[in-house]
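Structures are listed in the sections that come next.
Two complexes are shown next, each including chain A; its partner changes from chain B in the first to chain C in the second.
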Partner chain A sequence: MKPKISLLTAAWLVLRKDWMIEWRTRARLTALIFFSLSTLLLFSFAMGPDINALRAHAAGYLWLALFFASVLSLGESFRVEGENQALLGLVLTPVEARAIFLGKVFGNASLLFGLSLVLLPVAVALYDIDLAKAPLALLATLFLGSVGISAPGIVYSAISSNARARDVMLPLLLFPVLVPLLLATVNATKFCLGPDPQEQLASWLKLLCAFDLIYLSLGFLVFPKVVEED
Partner chain B sequence: MPKWAPLISLVLVIALMIVHAASASARAWVWKVLAGFGAIGVVVVVYFGLFFAPREAYMSDVGRIIYVHIPFVWMCMVGFTVNVVCAVGYLFKANWKLDALAEASAEVGIFFGACGVTMGSIWARPTWGVWWDWDPRLISTTVMLLVYVGYLAFRSFTEDPDRRAAWSAAGVILGYVTLPITWFSVQWWNSLHQRQSDSQTVDPAMRVGYLFSTVAFLALFFVFVFKRYEISRSRQSSALELPPLQAPAVKPEVSA
Partner chain C sequence: MESALEIKDVSKRFGTRWAVSRLTWSLPMGKSLLLTGHNGSGKTTLLRMIATATFPTAGEISVFGKETRKHRDALRHEVALISHASFHYEDLTAAQNLSLLAKFLDAEKPGVVKELLERVGLGERADSPVRQFSAGMRKRLSLARLLLKQPRLALFDEPFGELDPAGITQMEGVLRDLTARGTTVVLATHLIEQGLSLTQERLHLDQGRLSSETVHHQSPSAQGPL
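Moving on to the complex of A and B:
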């Protein structure tokens, strides 16, 4: 029997495996970038050329583009595990299923975070926003938001990956749960980009942290039941 | 309405529920008693609310909605709470009865919640001047209902009963987070919707009315869940039992 490794080491190995799969093809990241770029463009076409309106709603467009992209990314995350029953192999290794959850969540979160970094300069060009007001808080918002999408997203992606009509199922299950996250991320981003006279940024960031912690712990608890079959 | 009516009826309804759960032989008639009590109770409450209850100080007659709106939404939340308890229970010990009860309580909860939201919308038109407002309580309630609609949709899209039960249980535990958000939304944010009332803010005559109404709705809720549970159980038994062995209809002829 193989020696038992700690939860975090195992999570790190799963994360590295996901990164490696991603790096070898780079297909998912490329698809995500072009998909979300066209989403951002579509928003500006739909709203018309009024730059003030675009600037005012830039945070919302940015996060909606990330939300839509996250559905593709999360779905793909378990589609690759479906090939050759890779997920079964992963579950059969002597590590906890929770390590798979943590690895997958942070694998997806890092992908979405990277995507958001690519989208920021595009948003500057399209919506004329100013990133220099609170850059660190903006990065924190993007990271916490990416984790917040991924934590419930991985659980729902795992359960919907074997349902009929899984492409419909994932957003149907995921988006309602993400509404508080959407409100928090959009508002936090808005205050990072524009004036914050009542200093509300900190309270939205706290809400984001709370959302992440709640869904990371709930996912951590229920994920083994989703992937392990008796 | 007498002050003791809610408490006495609550004790009776809970006693009947316990009898129902404990004794298989009583199950045939207890639900009928509860259904009768619920139906008569709702008629009494509507009559009381419309003709006897005092007028609301700020909203006048429009405020009479509390006798049905509050119980509807409360029963919705009771349904979702029963659902999540069953889901957690199912993950600890796989039991088909828990799965059936989870499905029944979610579906009945959605029905009560949708009725509550619809009534609230009708009330909002004369009170706020609009049918719908993007207010924290309204958004969170809608999101909560959508989570459970997604739960039922997921269940109907998964064929394997074992997986359906385990996965929907895991998924709905994550979704239940929306319920405390809905409940506390009026306290956490500046909501247009009023906060939860307490004995300081409500006239005793009105309080008795909506508490009694809640008991009547609880009886109806129980009957609905029980009937829906029976449907789930019979669907389960037909899905889980093996196909019957088929006897050959015609004997194959042996050619000489």
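Moving on to the complex of A and C:
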């Protein structure tokens, strides 16, 4: 029997491979940044000059921009795997399907988290929000939200990657599943940026952790069935 | 002699079409098989089933005594496939693609990637992204990939296509070398004369079925090390 690397080592290699591809092309990153900046800007124009309304809804705009950007990012993540049947190559190497899942989830989550860090100063400029109220909780919310989007996103991206209308299919499959996560991320972010008289932030963060665990566990179980024949 | 490959009454269906139909064949350990047939005769499907990329709709394939569906994880360490798809990442360089594979296989040793790229004639293009490669260069990189894996069963699906004469000679050399070292080889090609000179048995497929042209032959040049 030839040597076999551990699941986590394989996941790390998949993640590093995705980062390397991203760094070499930087196309996805550039597109994501411009797309999400435009979204934030459009929300700002649509709401008009009412700075109180903009500030009150800033968390929602930020997460909607990230949700829309995630569709681009997740689609691109499997376009790369589709070229030359690279995903099949990984499976036949062999790399465990669950390692591919974990690597791709955290690769995509790190990209979305990085994107959210780029969007924060823009949101400050456009919506006059204050990042200094609970910065660590805000970072935790952004990270947990990014993982929460990516876990089901990678599964659905893999499912839709072979479909003819994959660009339409991915958001159609993904957005309904992400509604509870959207509620949790927007509320947690709202309490990070503004007053939290009833101290609800901790509860929303716990709920986010629970969503992440559920999505990661389900994806971990389901992903091998998506990329492999039974 | 123990069988490297046992195909027992195997059929494979795509939608309503049977790509392979009730095929039975066995290949002894260390032997080489030439797989021939017209376009769409089921060669690629059969190779993909042996490589555990897909599985029979009916029947059973065993490689080194292990059923492919049940033992896919173990068998994937033992089997390598050169196919129409190269399995490479377009935006990574040739060296990065091979190095990634070496890490997954836990076979990364200093100089191994460079040495393999030199061997397949891509030494000077090691740091070029695969996106810039011609079809022939991609095939050479696939060959390096197969050599890095050191499989016990090597599957070649039209390996000579897109290669220049030097590349074809190199591919033939690797095929002979693998056979001489006891690796079981299955070669699917339309270049029948060339294939016959490199293999010991021939299986001809006609619309997914075993054809009457199927023969056991023994090529003098395929019997021992060259």
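Heads up, the rule we're going with is that the second predicted complex is superposed on the first by the 227 of 230 C-alpha atoms of A that agree within 3 Å, B and C clash if a C-alpha of one lies under 4 Å from a C-alpha of the other, contacts with A are read in each partner's own complex, and residues count from 1 in each chain.
Throughout what follows, contacts are C-beta pairs under 8 Å (C-beta built on N, C-alpha and C of every residue); 3 or more make two chains touch, one makes a residue touch a chain.
These figures come from a predicted structure and were not determined experimentally.
Asker: Check whether A:88 is in contact with chain B, with chain C, with both or with neither, and answer first, second, both or neither.
Answerer: second
Asker: Taking the superposition on A as described, I'd like to know which of chain B and chain C A:179 touches: first, second, both or neither.
Answerer: In the superposition, A:179 touches chain B alone.
Asker: Could you tell me if A:125 is touching chain B, chain C, both of them or neither one (first, second, both, neither)?
Answerer: neither
Asker: With both complexes superposed on chain A, which partner does A:17 reach: first (chain B), second (chain C), both or neither?
Answerer: Once the two structures are laid over each other on A, A:17 reaches chain C alone.
Asker: With the two complexes superposed on chain A, say which partner A:8 touches: chain B (first), chain C (second), both, or neither.
Answerer: A:8: touches no partner chain.
Asker: Identify the partner contact of A:164: answer first if only chain B is touched, second if only chain C is, both if each is, neither if none is.
Answerer: Only chain B is touched by A:164; chain C is not.
Asker: Following superposition on chain A, which residues of chain A contact chain B and also contact chain C?
Answerer: The answer is residues 229 of chain A.
Asker: Which residues of chain A touch chain C once you look at their complex with the stated criterion?
Answerer: Chain A residues touching chain C: 1-5, 10, 13, 17, 20-21, 24-25, 80, 83-86, 88-96, 228-230.
Asker: Residues of chain B touching chain A in their complex?
Answerer: 91, 139, 143-144, 146-147, 150-151, 153-154, 157-159, 162-163, 166-171, 173-175, 177-178, 181
Asker: Using the touch definition up top, name the residues of chain A that touch chain B in the complex.
Answerer: On the chain A side, the touching residues are 152, 155-156, 159-160, 162-165, 169, 172-173, 176-177, 179-180, 214-215, 218-219, 221-223, 225-226, 229.
Asker: Quick check on the complex: what are the chain C residues that touch chain A?
Answerer: Going by the criterion above, the answer is residues 51-55, 72-74, 76-79, 81, 85-92, 96, 100-101, 103-107, 129, 138.
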